[in-house]
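Chain naming follows the written order as A, B, C and D, and within any one chain the residues start at number 1.
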Amino acid sequence: MIEKVKVAVVGVGNNTSALVQGINLHRRTGSLVGIHRPLIAGIGVGDIAFTAAFALSDAKVGEDLHQAIFAPPNNFPRLDFPRLDADLAPSGMTVQRGLVDSTEIERVALALKGSEVLLYSAPSGRPDTARAYAEAALKAGVAFINTTSDPIARDASLLTRFEEAGLPLIGDDLASQFGTSVLHHALLRLIEERGLTLTSSYQVNLGGTEDFRNLVENPNTKHQSKLNALGSDKVQVAPLGYLPHLKSQKITHLNIEALGWGGTSVSLDVRLQVHDPSGAAGVNIDLIRLAAVALRSGRGGYPAEAASHLKSPPGTSV
Amino acid sequence: MIEKVKVAVVGVGNNTSALVQGINLHRRTGSLVGIHRPLIAGIGVGDIAFTAAFALSDAKVGEDLHQAIFAPPNNFPRLDFPRLDADLAPSGMTVQRGLVDSTEIERVALALKGSEVLLYSAPSGRPDTARAYAEAALKAGVAFINTTSDPIARDASLLTRFEEAGLPLIGDDLASQFGTSVLHHALLRLIEERGLTLTSSYQVNLGGTEDFRNLVENPNTKHQSKLNALGSDKVQVAPLGYLPHLKSQKITHLNIEALGWGGTSVSLDVRLQVHDPSGAAGVNIDLIRLAAVALRSGRGGYPAEAASHLKSPPGTSV
Amino acid sequence: MIEKVKVAVVGVGNNTSALVQGINLHRRTGSLVGIHRPLIAGIGVGDIAFTAAFALSDAKVGEDLHQAIFAPPNNFPRLDFPRLDADLAPSGMTVQRGLVDSTEIERVALALKGSEVLLYSAPSGRPDTARAYAEAALKAGVAFINTTSDPIARDASLLTRFEEAGLPLIGDDLASQFGTSVLHHALLRLIEERGLTLTSSYQVNLGGTEDFRNLVENPNTKHQSKLNALGSDKVQVAPLGYLPHLKSQKITHLNIEALGWGGTSVSLDVRLQVHDPSGAAGVNIDLIRLAAVALRSGRGGYPAEAASHLKSPPGTSV
Amino acid sequence: MIEKVKVAVVGVGNNTSALVQGINLHRRTGSLVGIHRPLIAGIGVGDIAFTAAFALSDAKVGEDLHQAIFAPPNNFPRLDFPRLDADLAPSGMTVQRGLVDSTEIERVALALKGSEVLLYSAPSGRPDTARAYAEAALKAGVAFINTTSDPIARDASLLTRFEEAGLPLIGDDLASQFGTSVLHHALLRLIEERGLTLTSSYQVNLGGTEDFRNLVENPNTKHQSKLNALGSDKVQVAPLGYLPHLKSQKITHLNIEALGWGGTSVSLDVRLQVHDPSGAAGVNIDLIRLAAVALRSGRGGYPAEAASHLKSPPGTSV
């Protein structure tokens, strides 16, 4: 039997809620609905053990992980568990206080001992914090996954240090399992493949999570990361809209205008509605396993097989 | 210098109008806007010479090709030619009366002498007529392209006869350069690639051409051909809507419902607006050149490189 | 305390399911969500007593009304009743066999004795059946509501007979509480009020109920009734699409193209998603009470206050 | 014959371009397409004479009005004038330098002598400038129209002074002829009229004009004004998106979620595409004539008949 992947997580927000709930739901029902890869090198979706969790909010620190994931401002829904067993039993694991500056790297590194992978799933827009956790991972000998748009894997010297330590470093900026960037990119590629000439394109993103509110107030790195993912100067990304009533749902409006044969017009309008944290969790479950496989086989640095899940892999613009 | 491809065309409808106008526009402006492949084995978009055209309507038979393409019920717009040279000069080629039954195969075969490719671009839903023209092509030693959903290339015995005669046979049912099937198929594939679970999908197609009206009255073969292109029993194709005011524009509404991680919902709604005849012409210009290349190199039968341009290639359901 | 309105219903399909469930839900929860008029002349939403129900299907005839409303092909969902009282208790009223031809008018008239209102809520497209029930209502001295597009209230001689008998006659063709016709009409009126010039408009309707399937196979009277409701020759109604997976949901795509100041274009695209039977029930609850009020005050014929709920009132085209 | 209305205009942006071009187009073609009211108290669309125009940009000051309206950053298109007369002849009126602070009120007041109406059509977000022009109008005895969201007509003491002077004061914030606010408001009203229960609603606005860019950088007064127009706390207005490629087009995405009978869901999604300056001009042509009629009949202050054209009339929140 496969050894469970020991995962520590930074951030007990909606994405962690979706990840934790989804793993438990899969364990109980065996359902493969919405699951990208049932097995990665033999590791199943249920073969994950959470070994540590870090948060900053008083509502979460000191609570059992399975309670903390429902504390506000989290607003990802409770998934429907089978009747007789309707509640998520306590995990037995208590959320620890996360670090706020680099003086605490040592403490976190100690807490990471015994973990294999550190999933950094805090809000985007705090590059110093992200970097401090990466340092703690290096110290503790743990693989690091940066799901935010802050530049970690794109930092060449950090990447070299992970390589030299034989530790995987995956990032930056998660491409959601089925999010705006994935869809927009696929449509633009299709336009090109079929020989149409792109004239303009836009995307507007609306959401109701705390992560969204954070991005609205600190849009810069995320915006560049989105443009990295689309790769055309004809594409415009409108400002994010924080609409609290959407809760963990995200709504995107896309438009693509192109010219076809004879210069005639082609117009494409798309509306996409997803649960943003599900899109993140559906990718994190793969990245965790890819990191574990690389770690267990001694491959440090950036594992190329993670590329389709990232918006800004090493080498793209910061 | 490359020898021009000598093309005969059956049907002087909107698709032929778009093809003829687009080739002339390219010749005058050199523009590559909306052109899928500028060169195929060295043959450019302008390297086409029309050698014969067949139609049935009195408004078209006996007229110069460049006049006949604007006769009603055709409603594809006049493309914007550069100012000083605003009108399409006469082609010098007169539209001939097409065949109505198989007794006329001989006459058409004679008229095809000197052509390399016969582009069958009549309305879908007249399989006997399509077959009669294919017989005429065989007799005249000319490659045959069936752009309709009537089963010609899917007819195994016909395909064998073209193979044995060293004549290319391309079909069936053109996948528009950027049409509903291409788009719907790409989105369904993306859903699958990303690991979502499809729950349902529909498409509705609205158009205003004579071809559309014809399909509304005779939907069967086209409907099956669409389903061939999508390949899922969860996809439903609503009845076509003939809306005359749309003229040569086609509007499609697509919906895809899926489940992602944790069983949460993903909804995708798309509206696509294209000029249908442009989508056909943009593909026909490639198929003509693929047919010519195969013919000139002595390869009979179905050329596999045509596959991405067809909804129902040999081997799919009739 | 107000006397309950005694209602007989023809047709135990989705619309009746929505009506019966909604009345019970309101009685238990007191909720006024989605209710157009809490009181009509003092009569509340809960002040309805079902006195008879007629159906044709073996799965419904002989069953308790509260069971029959869930028999296939009905696919309106079970509404969420409060926890402790999760199921609809039996109504104590058994569904009777409906009439199939005019020889049975007498039998139905007898069964209607004691009722005040007959709600004709069978599928559209069976004018002879609708008329036979209207005759039975006349005989029994009961008000008649025709929710279908079959011409009953538009039949001048029938209307005169109801008037002379002092019996209300309401119809034809229910305008859903918030359906395509109501929305399309409101938007076209707004375009006109603001001084824009309409150039074209279309609507496409997709649904998954048995009523929808029936309309797809028998579209004529319904189609005319829709055009009555829109009142412009620039508006086109595409063929209905029966998509079983939608169940009781209805999806409409509307487009309006207009010209504004300086001849510049205005485009409006709308997607509406509703539960069709809820839209019907939300109006039937008003029509039943309007009919009872008119009957109780001795006003026969067509009550003008029903106008906003009907697509084809007396005087419009058949 | 009616006496032409003598109009001075502040701001030679897109809205003025649309107004000036549209009036000329109407004069030449007589077309009433997109015109809300052909006559107001006998005054036609062509019965306007421009007597002064104020701008700040060097590209516009000193130029003939008919040239200045095409100077960048203006990007409203040139309307299609009939062939033989394809260009707009010079107006003979030169654009003057506008005021930048209140020391210049006197100069502007002098320049307004002989005008009847001052149309303030500068960008929103400069309340001091708006107020200075209103003072100049008072001094010169000219009616004032404030098309911006800056509070002028909502300033009770200013309004009193216009009343006492017998001068009309119209404002604030133009409701476009067919813009987002008008449409959103109409749909919310329809939801209410039909008895549905609103759960949430949002609107997103995208545009490419300089006015739009200005609003993105200075969103406050405009945002409040939009909420005034919608009047529900369940409605959220997402941040404006400045997308230069849209030029003078504005695209709006609206969503409305509601509950109907039985608590079932109703979803409405709308995409509106308009030329923003046309929407403004189509209303300004009415406001100018309403102001002139009030002035000529000696009615000072706010004329109630302007209400349907304004988002924030006197009495609404600032």
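Criterion: contacts are C-beta pairs under 8 Å (C-beta built on N, C-alpha and C of every residue); 3 or more make two chains touch, one makes a residue touch a chain.
The model shown is predicted, which means the values in this text are computed figures rather than measured ones.
Any chain touching chain A that also touches chain B would appear here, but none does. By the residue-number overlap criterion, the interface of chain B with chain C counts as same, with over half of its numbers used by both chains. For this pair, chain A with chain D, the centres built from the Cα atoms lie 45 Å apart. For the pair chain B and chain D, the distance between C-alpha centroids works out to 49 Å. Residue numbers of chain A whose C-beta contacts span two or more other chains: 269, 271.
If you sketch which chains touch which, the chains form one closed loop in which each chain touches exactly two neighbours.
Every pair of chains meeting the contact definition is listed here: A-B, A-D, B-C, C-D.
By the touch criterion given at the top, residues 199-200, 202, 204, 206, 216, 234, 236, 238-241, 243-246, 251, 253, 255, 269, 271 of chain B touch chain C in their complex.
Every residue of chain C that touches chain D in the complex is listed here, in rising order: 18, 21-22, 25, 31-37, 77, 79-80, 177-178, 182-183, 186-187, 190-191, 194-197, 258-275, 278-279, 281-282, 285.
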